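Heads up, there are several structures right after this.
You will see two complexes here that share chain A, one where it goes with chain B and one where it goes with chain C.
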Partner chain A sequence: MSVACDIAVLGAGPAGMAAATEAARRGARVVLLDEYPAPGGQAHRAAPPGFRMPADSDRRAGDRLRHALALSGAELRLGHRVWDLAGGPPAQAGISRPFRIASLGPQGPAALEARALILCPGAQERIIPFPGWTLPGVIGLAAASILLKAQGVLPGRRAVVAGVGPLLLAVAARVMKAGAELAAVVDLAGPAEWQAALPALASRPDLLMRGLAWRARLASRSVAVLRAHRVLAAEGGRVLERVRVAPLSGGAPEEFDCDALCIGHGLVPATEAARCLGAAHCYAPRDGGWVPVLDKDGRSSVPLLYVAGDAGSLRGAAAAPASGRLAALAALADLGRLPPRRHARARLGPALAHAHAVRPGAAMAAMMALRPALLDGIAPETVVCRCEGVTRRDIEQAIGAGAREMNQLGRFTRCGTGPCQGRLCGEAAAELLAGRVGGRERAGFLTTHPPLRPVPIEMLLGEPAPADTAPVLAPA
Partner chain B sequence: MSASLGIPAPSAPTPRRAPEPGFDAAVVGAGVMGCSVALHLAYGGMRVALLDRGPLCGGATGADAGLLGVQASPPVLLPYARRGQEMWLHMAAWAGGGHVQAVACPGLSLAFTERDAVLLQESAQLQRQAGAPVMLISGGRAMEIEPGLTDKVLLAAHCPAAGFASAHLTGRAFRSALLTAGVEVFEDRPVSAVDQHRAGFTLATPTGAVHARRLVLAGGARLGEMAGWLGFHLPIRVRSRRILVTDRMRPMMRTVLSMATEQLHLAQHGNGTAMIDSFWPEMGERPRDETLREAVRLAAFAIPMLRAARLLRTWPVLEAETVDALPALGPVPGVPGAWIIGGVPAGYASGPCFGMLLAQAMLGLEPELPLFPVDRLPAREIA
Partner chain C sequence: MVIRGIAAILTAMMGSLRIRDVLRPAEVTFTWQGRPFRAPVGESLATALLEAGIRCLGEGPGAPRAAFCMAGSCQQCLVRVDGRPAQACLVPVRAGMAAEPA
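Up next, the complex of A and B:
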């Protein structure tokens, strides 16, 4: 059941595709795993069968990466949900073990052994609750972006698009293009923040032009674009009916009738795989929050474990391929497949490309950094952890009862112990805790154990067991 | 009992700072054992310090599956497990209202094979001799008691007195009781060494020394290491288990299930999640994902409905076990004033009882049930 390879790459987004391509082109045996049936990730998501989407610049960049990947000789394991990661060489000298990657694929449970492992799981949406955020009709910006981009599906007929970051205008433009009415765009960032980000964005004139075109389109339809505003509440009976917004500085709230609210408070690096393998992490708000400690080539604190793309530091899809190639070259060098001088030469190109591409990404990451002021908007009775129905009041009480770090908070309240495994509530809960214990470092993060994602037991078992004999656990 | 004695600190880090007041007892390790000892010592009038390198019950205690009354062997521990279970069920009464949502329900131990059935018959007989009301029943009868059960059960042992607690709440439950009783709780305060002198013990920690006349070692999986502070060799090994949790299912289970082989225990909590407590050969040769799948397969064989659930979370639990699998509960030989508690696998269920018994002995009372002094173990002094 277990197959050995030189390098396994987790996640077939721009970083993973480029990493797998680079390593395979140079002769390594590479396996690239992804949960989705086609490579691309969220940035370059391939259209599902039966959907034909118009080619845009995202699509074209994705197609180039896909094309190179197809020619590289890397083996693709698509439709594989990775649920356990183990092994890897110990930090001190000792017997070197390969990494072991357990997944559930189209043919059932599978395992892969790899000498080196490159993690490219990307980022996930940061959710900061507000009254009404669990109403049907409220969806994340990233989720809306996927719906619109990959499937051309509208989140509603009249939408408010709110939050912060590059997805804000992108989703707003796509909502209009898809034929829905745009009630308002509510941007947390103020004009001064956009001004400050301009020089960095100017290094990517293509993106800047696209942004300007989006803004022009909003202006031509006289859509209300509210800068330095926030959503106070989503309201409605059973479903969303209206959104209440107000300036961040205070002031009179405004109401917008709508049946969809696409809202996102930025992105957070997906770190559960790196945490599961025990890599050291640090809290760096301008990189997106808790991120693995990496060197400039993506080496983590665990030997032969690398992290590339947004999972290491939020720098966007444009910077991801170069960071994937750097990690692949480092892995080849560390495995002894690339002599030091050739490695030094080979990494110059991607290093330069990366340095060029990270500037606009860093500016966007800074804009998307968590804004503690948003925490004030969480009412005591607002649910923070929707899996377990834990409210802000429950969290505050648990902190009062002695919970001072995330794992203890989880034990006391069940916050983060449900099916989302803390992905939805983790940021808000940690921030509430951090405010009381003196910072996110002290609040810590939930310890990660397998499964990395909830797994259906039926799938985990694979073939049905012989019906009449009880399985026996292997003796210790 | 005299309160603060203010023992001068021979190794105080800053001589100008007033030494921390001395305690009658310092308990190192704030799991269920340490919390219970500390609380009962305070009830007895002592001034107690409770120290842990992490949060209250943040180690094996808070991670336990919380299953009560499922430990079939050895029978000599049955009275302790029963007393412990009673204490959990009525925790609010002795812990100032704190509780762990403990509920009572029947326990079923299952045999699927002839070999299992022999094991089950033997252990049921031993348990009955020790006074436990254990009955052997048919698979059909077991299905009436536990509707979620498979029809593949050959023989079952029925115990009316089992149950389960929400172990993750243990720290919260103990906390207010400890503070109300006057115990000084020092979380995130790792002890690096213990200096033993005429007036008692000085505990070195990164944020200053703690002085106490008596010392209780309650370090769970680290008990052997702690005994080493006093130059005492405790023959102990670390055993690991793994807890597996599913997502919420409709309520279907009414019992705590065990396998005759003791490899796995299983219960469904009030919120609908099933909790599987599997004996875990973590240090073994087999890959973790394979052993995990085997544990899930065994659980789903017993309760077929589990096949429709999702596995949400798992985590390891490390425990110390003495060479004879009986508790380390009593004085540390050759070190007056030092006591030790732990070393028993699945110690959660009987933990509050062990803690109370040790406190009784330390307070000069006759313990309700006998202790398990460690001088029975093949100990040797470390040179």
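Up next, the complex of A and C:
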């Protein structure tokens, strides 16, 4: 059974919640879909029902967005994994054709038709492989953040927190506050990079103060904060036991015993949905990598398809709600539900809020941009693609044998063709390829096709109906 | 080496990874490979297994698999829950749930 609506919003993070709220408040029939059972996204992720976490500013900002959403009249489809996107207006305008959204929800498969579609899938973490990164005990910074904030659980009893970007300090501070031992904080960025980011961060004094408070807390506990350092290797038998760390400039490595390594090398916009629908993309490292080509209101190259929040350009959770509202207003205007003059007036507020919020976000995005030097740290025998067990050596051999583009590399080695569909290995593999073929634009990206995420086939098929069975023809 | 071993035993005895100032619902029993464990109802299976000291969730093609992204994206925590494949980081613990490697 297919349900029709004016606007579907994919992803209930800060951008999606604000987009759905804005459109529904103005009278549109809006459906908001998300894989999780509660709205919030990763930045404002809600704790499971029955859990009460200590309040903090992130949670309060999330609660405000959730509250507005609940009052807006938008229909929520939570616990829905969207696995196929199709339809949409053809590139030549004039023909009306809805987007078709297939999902798998708590009650089984569901279909939705929408005249306009706003994509707010957020970002995923980039982790450039290093020897030992597959050892149990090594997790992403974003993963650690989820454990600490949404599950109330420590990643380990003695942790090393490593990588780059705002999550680094946030996770380190939370680990320490929650009572675990912090063995070391290993920051890829040097003092000069933080100094360069300061003027942009100063436009958000609250964030700046929070960052400085975290720094002070680390200093007061005499935690080793190593700047311009990298993790060389994670070591241990069956699980993580220690981490080897060294200055980026070379120099003697240091070892830290630990049972958890939380590491992340920046965020990457989640573009599979926009790519699946054929939106034009460009490679913009300071926006996070491959990003959809958007106008200032989030319109993509496909009519009535919009992208908001980090999925369009990494500007952080603070900028995402304004970006979502701009996309919602543009969709309403393009659907003829908001006259041009009223649209022009309505978009002023969110446009101003967005312009204010993007500065610190852009500074953090620049800091999180991919650092090609990390590629040197992938040993030949290091597994790059975990799903298929493809090593750096396998990738180099395939490139030597003539793989010139990501999909070719996938066919040569199976890299990126497993269940994670390249989400974990894509950045490293593309960067290895780019170094040999002359840039990421040439290396391209893995073609997206349904299912966008793995779904059990028996759940999609359901019970076979007698009519589905073809009659057996009697032999002539 | 001996000191490191003693330190490991001591930290293991220090108890829960669950952060103290969080209010949780009542605990229920679930099983991993037939062994019973307790966890608050609704906690993610990946979290409950981490707390139970089970870090390795299966054998990947290149290395042992463990929960990695905790956000439903990396598929490293794929297990079997009551006979069906499921991502441990997305599955809430229920009373009587039987989980095992995929």
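As a convention for this text, the second predicted complex is superposed on the first by the 459 of 476 C-alpha atoms of A that agree within 3 Å, B and C clash if a C-alpha of one lies under 4 Å from a C-alpha of the other, contacts with A are read in each partner's own complex, and residues count from 1 in each chain.
Throughout what follows, a residue touches a chain if its C-beta (ideal position, glycine included) is under 8 Å from a C-beta of that chain, and two chains touch if they have at least 3 such contacts.
Note that the structure is a prediction, hence the values are computed from the model and not measured.
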Next on the checklist: Quick one: is A:Q124 in contact with chain B, with chain C, with both, or with neither? Answer first, second, both or neither.
Outcome noted: second
Next on the checklist: Between chain B and chain C, whom does A:G236 touch in the aligned arrangement: first, second, both, or neither?
Outcome noted: neither
Checklist entry - Counting only touches as set out at the top, which of chain B and chain C does A:P456 meet: first, second, both, neither? => result both
Item to check | Touching partner for A:A178 - first (chain B), second (chain C), both, neither | outcome: second
Item to check | Which of chain B and chain C A:G418 touches, first, second, both or neither | outcome: both
Checklist entry - Can A:E35 be said to touch chain B (first), chain C (second), both, or neither? => result second
Next on the checklist: Quick one: is A:L148 in contact with chain B, with chain C, with both, or with neither? Answer first, second, both or neither.
Outcome noted: second
Checklist entry - Is A:G288 touching the first partner chain B, the second partner chain C, both, or neither of them? => result neither
Checklist entry - Can you list the residues of chain A that meet both chain B and chain C? => result 418-419, 454, 456
Next on the checklist: For a test of understanding, state which residues of chain A touch chain C in their complex under the given definition.
Outcome noted: 35, 37, 42, 47-54, 124-125, 134-140, 142-144, 146-148, 151-158, 178-179, 238-239, 257, 259, 383, 386-391, 418-420, 423-424, 453-454, 456
Item to check | Residue ranges of chain B in contact with chain A within the complex | outcome: 55-58, 62, 112-113, 116, 152, 168-169, 171-172, 175-176, 187-188, 245-247, 261, 263-264, 271, 278-279, 281, 283-284, 286-298, 300-301, 306-316
Checklist outcome for this item: In their shared complex, chain A is touched by residues of chain C numbered 4, 11, 14, 17-25, 40-44, 47, 50-51, 55-56, 60-76, 78, 84-85, 90, 92
Checklist entry - What residues of chain A sit close enough to touch chain B in their complex? => result 2, 83-84, 86, 100, 102, 109, 111, 398, 401-405, 407-408, 410-412, 414, 417-419, 421, 447, 449-451, 454-458, 460-462, 465, 467-476
